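Each of the next two complexes has chain A plus one more chain, namely chain B in the first and chain C in the second.
Entry: the complex of A and B
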């Protein structure tokens, strides 16, 4: 009897140890490249080659202002911020009001509208990059940040509406009905009652749409030609091309480009995990 | 509804108002979607029937561009690579993530930290990740070969991005690196919705394999479907950024994928007609894949 007990305990300890080991390996694999990037950004040009994985002997903090000035990173951060917030300013209201109509109004053609949007979820947008480029050129919007805002918003519409619909459906229908009985118009029922309740859904969506816009490279690299209008990902690639030999500066630029989103992620992990998994994980 | 008295005028007016308000509310979303998603694809079909450099006059070609595409060896190479990439990466991410999630699905201390850590690469852009890993893969000054050297594994040292036989797999590895943590978190969340009594009961009977096949996996299926759909569709697009940043499609087109070749055709060879013909073909393939997956998911949902 007693042997059986120890037997059972041993078999529950082994997988536990294995799990911890796996977790540790995964965490190191995920984080070490980033640590390596940060360390590299503090090395001098020569040390970069000779001391590949050690700590920097004499941290070169001026790599950061150097990279910032040479890469013109200030303007690129500003451009990325403009594009990201512009995209959010369009996507959040447009998709939440559409989702409200689809989930709580019985208008004719509503399944047609929803079906059309659902189709969009199945279209991976890189596939349409060259066609989108031609349309942007036709509209005279090449080389503008507005073009990026419009394109990113359009790409976010399908998935975001879908998410918001799921969110509104999870709210009890009586709330909206009560608001309507109190004499609210459709719009004020949406604006004053439903939208405030949808705040967690909006936050998750903002993370998803915002992160995608902030990190987008493909379309931005086609549409933006003027260095003064480049977003961070485009700017980093030009930086790589132009200062191909100054690696510590490149690593400093990479580190700076990574920091804002990384900091936000660490501050608001719940929202990030919920947002980036499309609400599949509740944070 | 048959035999019901005709709606009164007031009811009809109310009905019409609901219709109009409803459409007014969905109009902005639909408009954006039509203008920048549907219209470009329609426009691309039209352009693909012409010779066009992107600026000047278009000249009618009929289906010639499609014939050029089918005769283009690099395009087929690129399609081949795209498929290897999309399927390889999807299988690797999901299997790894599922295995990890099963192992980690127990109350372990430090699981929060693990989730934070393994989810971190998801937040980074492909550009940052691509530049960073180009350096890790660097044959002389890179971290990977330095680690292999230090471990005494000199035999494994490779030109990770310069060897045409390996380069594509190196890039795929980076994609898997970026996303495995994400899928693990997805699966873990799915596993947590399965009542633990079900699994415990099976475990006590000493049939963990049966439990997995008949309890865990079926209950996890919706999450698996979501996760696979996400990675396939994502992999058709994400490969552009990584390839552009890490190898530009080389060496010798060994890492060329459909999107990099389409972009090169449009902007380097100024052949928008052919580039759009390729976009249309790629679009159709992905749409078919998406539809198949969608139908499978719906069937699972019903059954």
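Entry: the complex of A and C
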């Protein structure tokens, strides 16, 4: 009896150690660039080249206000925020309603709609850049932030709807049916019962779509000409000169640009609580 | 409260019909149990009544309103699901009060009604918990509370007790019965469990392949099954069947087995002509041990014991009469041994006959 127990324990330790080791490696891989960026942002221009990997000898906190002023980051943060929130304001409601309809309503063309989502996911965005640009031009939206909002939303819709479909599918259908028997219309069943239960999905989507919109460079650089309407990724280019790049300033700007994303992650993480649906069904 | 009437209710999925034109009328306040093997269309029928499944043909009436195409919320029925389907993000209080809230009942009144329902179901101490902090039995009660609190015209239950352990199931069954006696709401109750069906219902409806085989009070279903299927489905251990032939008398000869007298009522039926093939049915409790010293006579048979199952309150003895396997339900710890020969007495007055072709009772 006792030998069996110890054997059982011994054999379960090895995989545990291995999994922690693996997670530690992944964590270092993920965090190292961030730490390196933050450290680099505190070095002087000279130290940046002489002490590439070490801690800053004399932290240059003024790199941050300097970078903020020189890059005109205030207006760029505002632009990026407008574009990101605008994109989320469109994608979150549109995709959750669409996904709810696709997963829980019976209508003609439902599987066609689902297939269209997959098609939308498979088309690489690079291929669509030129057509998108000419459509934006024809709509007279060149050089506007609205154009970015529309394009980012359009790009996100297919995958986000797909993601939300997966979330709604994971909820027991009886919960929605119970809501409808208890007096809900289709929409109020969605709003009062299904959507609150899909919060982890909404959070995942917010992180995904938000990060993409916040970081997007290529289309933003094509569509926006006016420096006062530039988003952060486009604005950061001003730190890289033709002959020399002010790396500490660039890193300081990058560090500041990352902070809102970190905040978004932390906010969203609260929603990923395991077992939100626990207790709905038999136990 | 209201009558619930189904006429020619039909459901087909992409051409495959799973419910074939059901006609059923449940009087106001009645408790009807719907039983049948897995996949026979019980849930589908219930879901059509609830409005969760579109009706292919036929009509559903609740009270004197035709609701065939109404939205679920407009039908005034409550449903308890097998997996309870509570709202996990709401407290017990909000779960139970949800239906009232959706109907715009005043807050005070919701509070009062929820607390009264919680009282009945002994949930008062749990009102502010979320479903994930409840046991299976407690979740079951919450689902029940949600169903009763808004005083629906009818209750629909889809195997509500099947996820509970045997003891809790027995307890909830008794409470359900009390509940129905006190509020008397028309109820349609789907179950796999014969004990539930027999003890709770005024009328048991046996379904098979999307059709109703028989609808009758529990005792009638048990004593006078309309078909061989019903006879075999209701009762444990199930009814013994043997292929047989009518012989002169008229009497009954089991295939390669003994000749048995027919009950007078059956013998008097027209068509009991010698040579006719029939299926005999006889329940295990009507096969007993012959009292020692009983002279040979009609209904006394000898058979070799193939298997003995000692259940405590009773002993099941499996023998073979002619070609047919027969189970006898004997008293507690009856002295029967495998391989030995036993003398059995068949209560021939309890014999039922079914047409071999149509399987209908004769």
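Note that in this section the second predicted complex is superposed on the first by the 201 of 283 C-alpha atoms of A that agree within 3 Å, B and C clash if a C-alpha of one lies under 4 Å from a C-alpha of the other, contacts with A are read in each partner's own complex, and residues count from 1 in each chain.
As a working rule, a residue touches a chain if its C-beta (ideal position, glycine included) is under 8 Å from a C-beta of that chain, and two chains touch if they have at least 3 such contacts.
Here the structure is a predicted model, which is why all the values come from computation and not from measurement.
In the superposed pair of complexes, A:94 makes contact with chain B only, with no contact to chain C.
By the touch criterion defined above, A:13 lies against neither chain B nor chain C after alignment on the C-alpha atoms of chain A. With both structures placed on the common chain, the touch criterion links A:178 to chain C but leaves chain B unconnected. With both complexes placed on chain A, chain A has more residues touched by B than by the other of chain B and chain C. In the superposed pair of complexes, A:261 makes contact with chain B only, with no contact to chain C. Applying the stated contact rule after C-alpha superposition, one finds that A:188 touches chain C and leaves chain B untouched.
Contacts of A:247 after superposition: chain B is touched, whereas chain C is not reached.
Of the two partner chains, neither chain B nor chain C is touched by A:228. In the superposed model, A:196 makes contact with chain C only, not with chain B. Comparing the two interfaces of chain A, the one with chain B and the one with chain C have residues 106, 276-277, 280-282 in common. Across the interface of their complex, chain B is touched by residues 15-16, 18-20, 22-23, 26-27, 29-31, 33-34, 36-37, 40, 48-49, 52-53, 90, 94-95, 97-98, 100-102, 105-110, 113, 116-117, 120, 122-135, 137, 150-151, 153-155, 157-158, 161, 186-187, 190, 211, 214-218, 221-222, 232-233, 236-237, 240, 247, 250-251, 254, 257-258, 261-262, 265-266, 269, 272-273, 276-277, 280-282 of chain A. Across the complex, chain B meets chain A through its residues 18-19, 21-23, 25-26, 28-30, 32-33, 35-37, 39-41, 43-44, 47, 54, 100, 103-104, 106, 108, 110-111, 113-128, 131-133, 135-136, 140-143, 146-147, 177, 180-182, 184-186, 188-190, 223, 226, 233-234, 236-238, 240-241, 244-245, 259, 262-263, 266-267, 272, 275-276, 279, 282-283, 286-287, 290-291, 294.
Of all residues in chain A, only 106, 172, 174-175, 177-185, 188, 193, 196-197, 275-283 touch chain C in the complex they form. Chain contact summary for the complex, chain C toward chain A: residues 50-52, 54, 71-73, 77-79, 81-89, 98-99, 102-103, 130-136, 139, 146, 150, 163.
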